[in-house]
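Here you go, one structure.
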Amino acid sequence: MTALLQTIDLNKRFGGLRVTNNVNFELDEGEVHCLIGPNGAGKSTLFRLFLGEHSPSSGRILYAGEDITHLKPFQRIRKGISVKFQVPGIFAALSVRQNLTIALQHHLEGASLDEEIARLLEFLRLTASADMQAASLSHGQKQWLEIGMAISLKPRLLLLDEPTAGMSPDETYETGEMVRALNADGVTVLAVEHDMAFVRQIAQRVTVLHFGQIFAQGTVAEITANDAVAEIYFGHVDHDD
Amino acid sequence: MEILSALFAFLYQAGDAFAFLVLAACGLAIIFGMMGVINLAHGEFIMCGAYVTVFAVRAGLPLPLGIACGTLAAGLVGILLELLVVRHLYNRPLDTIVATWGISLIATQGVLILLGSTMRGVGTPLSSFTFGDYSYSQYRLVLMAAAVVVLVLLYLIFNKTRFGVHARATIQVPHMAEALGVNTRLIYCLTFGLGSALAGLTGGLYAPTMTMVPSMGATFIMEAFVTVVVGGADVFLGTAPAAAVLGVIKAAMTSWQGQLAGQISMLIAVIIVIRVLPNGISGWLLRERG
Amino acid sequence: QSPVKIGVLEDQSGEFAAATLPKVHGIELATEEINKAGGIAGRKIELVVYDTQSDNTRYQEMMRRVLQRDKVDVVFAGFSSASREAYRPIVNQFNGLAFYNNQYEGGVCDANMIVTGAVPEQQFSTLIPWMMEKYGKKVYTIAADYNFGQISAEWVRQIVKENGGEMVGEEFIPLGVSQFSQTIQNIQRVKPDILMTLLVGTAQASYYEQAAAANLKVPMGSSVNVGQGYEHKRFTPPSLANMHVTTNYIEEVDTPESKAFISKWRAKYPNEPYINQEAENSYHAIYLYKQMVERAGSTDREKIRGVIAKGDVCVDAPEGKVCIDPKSQHASHTIYLAQVGADHSITFPKVWNDIKPYWLGDAGCDLTKSDPSAQYTPSNPPPKG
Amino acid sequence: MLAKANKLLNGPQTIGRGPAFWTGFVIVVLAAAAYPSFTDGWTVGNTVYFFNWIFMALGLSLIWGYGGALSFGQTAFFGLAGYAYGILTLNYGSDYGFTILAVVIAVAISAVFAAVLGYFLFFGRISGVFLGIVTLSVTLVFERFMAQTAGPEWRIGDARLNGFNGMTGMPPLTIPWFGGDIVLFPDVQLYYVILALLVVVYLGLRILVNSRFGNVLVAIRENPERAEMLGYDVRKYQLIAFIIGSSLAGLSGVLYTSWGQYITPSSMGLTAAALPVVWVAVGGRSDLTATLVGTFAVLSVFQTLTIYGSQYALVVMGALLVVVVLFAPQGLIPGIAGLSRRLRGAR
Amino acid sequence: MTDARTSGSLLAMSGLRSGYGGKPVLQGVELTVEQGTIAAVIGRNGVGKSTLMKTLIGLLPAMDGAVTFEGRDISGLKPHQRAHLGIGYVPQGREVFPRMTVEENLKVGEMIHGAKKPADYDRVYDFFPILRERRKQRAGTMSGGQQQQLAIGRVLVGSPSLILLDEPSEGIQPSIVQEIARIVVELNRSMGITIVFVEQNLEMIRAMARHCYVMDKGRIVTEVAPEQLNDRETVRRYLAV
């Protein structure tokens, strides 16, 4: 299997703070991979480096074998990367429908666009709010909307930063099922999450980031059994299932 | 002596330009830089301060007290306007352009109608001094000192006092400041009042050196905006270096090629500085600090 | 009988209001007097007054309106030269007639225009030789950086040279600039004997206060101060001390005609801050127009120009006798040299009678023969022949 | 095809949709077409004068209202194109309809300049107030520079730039015609030409803002980061909007210059630069119809006040602006629309 | 545990209606919160939980009904006046002051109780050591979880007598979630601070809450015992989508 996304000696500093520290990370095509780690470990920063929102202090980023380190964010998106941010990024003054239109109009128009929007709205449980301003959605609804926009791009690689924050357990589960369905259709997924139930549900592989470095890597079972990870991250969980 | 005289002359000119930029900008730095209100009536607050100062001095007060009156009057007018108009516009700052432009029209023409097209000034206090080949106005040194004092005071107020912290919190996330117990309406009112008062102070300080006409504020407004914007979001970190950079450029070009070059070079400097530092000088300073 | 309609476009608000408000009053005063005395050939004068707000685009809108809609017989319009140039194409387009009652940089050769303001050959060819004789030959000019300032400066340059003097410096100041420390220093550097200040507008007037504060004491000459902006009244003495201005009128002119004029004026406008040169121009211009219409027997532009061509349209104005030159349609004037004292009192060391606006005619402008509708300068004179 | 055009005309980015709106639209256009026969020459010429400015306002609505980039320097393009028209026609005259060609060239010049400046701005990631101040600085540099070109040395061919006093003497627009060009003085003929141009530009912009392009533009206004993360080159879209809007400012400048045969540096000054912002904001910046109607309303109210308001004109203007901003937060036109909707709803 | 003198209702809502733009979201909330208790509010996305919190602190005006605090009707009070009475509010989505330092953010919290209580920074810094470490960092550059800690720390500075927490666990690493739960319970025990919180993380609810109210369609529909949340069926019944 080839790596879809690969970083080589990636570094990012803010002033004196090393937020990404020599990261050599590989994401395989077709996998669902979760990135976990303490608050401030540098997960969101890594995402921003992948997307070109931050430029690295040093190191390279390869996508499908191509060096994308110096590409602009939109150019990376056009290569098939798509993202849902930690803080919902939506078009606040526009209607939910328009939000989706803007994401979908890349590859659809006319009647098929309208159909796809209707389908998505149903799927996101936002049909009733279709013509509301996105600003007036509840927090969780905004998360859904943003996920909807991210998958509308029909990405090859989907980056999800805390997709289920603020969702109820059931919704979290639904989201997990959605991720698995996307994955079954061939989408590679990299998700940051603190909700371990979700991680267990979707992750084929887990990477733990700590102080900007890769701290551990393995299957969910391996990671949850790792005492060092428990020390820095999980705390003392009484495993109830 | 030759060189010393020339050097002093240049420093004096740069200082003079610096003082003008700082004093023109300080009130705006608060109202625009802090509150995001694009106050096109800034010049009219300056005019208000100048007029009240002149009236007070003519009524027999010494100039410093007159300036204090001008400052106070502009501050009160600012508070009044905040209550009546500006208060309703915080969540749509761009509309403040229109509203304050309207206020500016009313103020300029209103003063013209009420007080006539022009008014007798009070004359520049203090005398002149000679250094090397040139003689200078002492009062201009007072203006330079005033600029520095204002900068220091503002820095202290906004970074070291509770009011300053509350003001900045209010401007950044108003509803959270309110929910944490900050009386945001009061803060807005006082901040706007402070900005207006500073504009009034500028008017009072410059009143003795200028023609007293209702439109006198217009000569400050361009310089004020340019300084504040080149300074960037953090007013106190930004305004001083911006005024210094622009002041030196303006003084150098004016002495070399005349007033037109001074004016145009300052505008071009603005374009270049913003191109190089798209978030203004303070944006750059803050990023560097990390 | 239908009234004679006079359009009045003046800046009653904005940057120029201070100098311009008295112009409107002058027109109103003359109109009232004439109407009381039976009007122009028995027709009453009706004024159509608009405030042009010191805004050139308003001149265009309002000039079109008075000519096309209000159908006035004549328009009295404009303070700044820029405003005159803004409305001139429109006057030409409608073949109207306009009076420009302002001192200016000179050179407008346009059959649709009658100019009662003083021009450089009237103001500078008197002032500069007098000052050079008295104070010395080194001259420095600071001037507003636009047509008025630049062309006036050109005149100063030429007259200084003709009289054997030397230009030691020239600086142009953009309109609206109010800070002059550097300019003051530049002047000190070359130590001129005479400083010509051709500053315009209220912002630039701040120069005097700032120069006085820096103890700059060069004798000054000007064509605009005192007469137009009455700075000696507005500023605290002695900031305007030692200023010399040639003007065709100011309210300190101490003749019986002037005194009578002032008492009439003050009776009607007791709060007038000052009766300036432009106010008197505007006042006597109405009388000039009255005479033209009465002699032409019509308000028709061509008939009026026929009267002007006779070369004897004159009135006895408060300043003295004023006549219209047929070639240029500009006015001759009595020129008073006003000197400002340390206490800002005015004295008149010299008065020249009947100074003609000769330059345009000598240079080749002859409106009795052709109408180029253009503005000329010493370095860009009318084509000969 | 027709259905598609219809969809674009009625898309989500414009208020005023459906048969009622378009019936109203047709009535307004017809009324505007009939209007000259019911009024005098001055009013017609003056109405054209108002129309001239609306193009600049519509352009700013596109850049600012839709694209979220507040340009405070649209007058730079206005002036540039005006001077370009003057220089071209003073040098090459107006025969064979050259004035029309001059209009096209002048607008093209402002478009090219907008492309260069816009590249500098948007590809330099300048946004928000910084954009406003840079554009304002540009127009002020133009103004200060042109104001000092009074001397005879400042000429391009036969055209004297003529400093602060402004350039005059350029011919009005002409249309080549058999047996002599038709000269479009500010009167009925010019009125119909400009009215037609206005309708075309309005409908064209409506289609543009409801197209894919328009969707992206408003997305950028709302959240540029997210728009970029949906794969759009934000800078390119902003640049294109800027070029189109600035060309419209250029069009206004050319029309203004040919209308009054006059162009002046003060049309690029601070006050002039603030005016389009005021018109657009008062009308309702994020809608084309609101901008159009609002600009027209503000211009005519202000002029009427100048005519009848004597010295109180500016005071009343100021008060009106404050009142509109306070009581119609979305702008005058959406405010009125909202009010009437509520009144109808109440009944 | 609770002191008899202070027991009784601290906060009560009756017939509370509020919403946005004239459209009510809360449809008549009836709820009484005893002094010294910890109450959780759960419910699906968009049912009005955050709306309830905003109405309690006064950011949304009540359209109808009343809120009483310490026996006094506070419906007419402005948010800052409610804060001065001792109510602390931690919003969903953190809402830190982005261009102020961590320390300055905390300083604003002093105004709870009208700054009449001495501010205890050390306690906050002990709870959240990262805040001490990053005292001078601008809050906007902190990671999501760090900001959440700051948002909680910010109200603790003012020693409120009632804390409203809207999804405090959102975006926080598991060990710190446990830590927060522990801190909250300790604050409640040692200082009698009353807590009302909205939460999706069932573990956290179980660890903290003494009462758990279920919200649906703008009403409190029932109360469940926190222990019942172990039961998948109960959860599904109330929280299923």
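All chains are identified by letter, namely A, B, C, D and E, in their written order; residue positions are counted from 1 within each chain.
In this section, contacts are C-beta pairs under 8 Å (C-beta built on N, C-alpha and C of every residue); 3 or more make two chains touch, one makes a residue touch a chain.
The chain list, named the UniProt way, goes like this: A, E = ABC transporter ATP-binding protein; B, D = Branched-chain amino acid ABC transporter permease.
Model, not experiment: these values are computed from the prediction.
Chemist: Among the remaining chains, which ones contact both subunit B and subunit C?
Modeler: The shared contacts of subunit B and subunit C, listed by label, come to D.
Chemist: Which chain has its C-alpha centre farthest away from the C-alpha centre of subunit B?
Modeler: Relative to subunit B, the chain whose C-alpha centre sits farthest away is A.
Chemist: Using only Cα atoms to place each chain's centre, name the chain farthest from subunit E.
Modeler: That would be chain C.
Chemist: Which whole number of Å gives the spacing of the CA centres of subunit B and subunit D?
Modeler: 33
Chemist: Determine the centre-to-centre distance between subunit A and subunit C, using the mean Cα coordinates as centres, and give it in whole Å.
Modeler: Those two chain centres are 75 Å apart.
Chemist: Go ahead and note the Å separation of the Cα centroids belonging to subunit A and subunit E.
Modeler: That gives a centre separation of 28 Å.
Chemist: Quick check on subunit C: which residues sit in contact with 2+ other chains?
Modeler: Answer for subunit C, listing residues that touch two or more other chains: 13, 145, 172, 174.
Chemist: Which residues does subunit B have that touch at least 2 chains other than itself?
Modeler: Residues 108-109, 112, 218, 260, 263 of subunit B each touch two or more of the other chains.
Chemist: Multi-chain contacts only, two chains or more: what residues does subunit A have there?
Modeler: In subunit A, residues 14 touch at least two other chains, as defined above.
Chemist: Subunit D touches which residues of subunit A in the complex?
Modeler: 51, 53, 72-75, 77-78, 82-83, 85, 89-95, 97-98, 101-103, 105-106, 109-110, 149, 153
Chemist: Can you name the residues of subunit D that touch subunit A in the complex?
Modeler: Per the touch definition, subunit D meets subunit A at residues 4, 12, 212, 215-216, 218-219, 221-223, 225-234.
Chemist: Which bits of subunit C are touching subunit D when the two form their complex?
Modeler: Touch list, subunit C to subunit D: 12-13, 50-51, 53, 55-58, 60-62, 64-65, 68-69, 81-82, 84-86, 88-90, 93, 145-147, 150-151, 172, 174-175, 375, 377, 379-380.
Chemist: Going by the contact rule at the top, pick out the subunit D residues touching subunit B in the complex.
Modeler: Residue list for subunit D touching subunit B: 70, 120, 124-127, 129-130, 132-134, 136-138, 140-141, 144-145, 148, 270, 274, 277-278, 281-282, 285, 311-315, 317-322, 324-326, 329.
Chemist: State the interface residues of subunit C toward subunit B in the complex, per the touch definition above.
Modeler: The touching residues are 13-15, 17-18, 21, 145, 171-174, 176-179, 181-183, 185-186, 188-189, 202-203, 205-206, 209-210, 212-216, 231, 233-237, 239, 271, 273.
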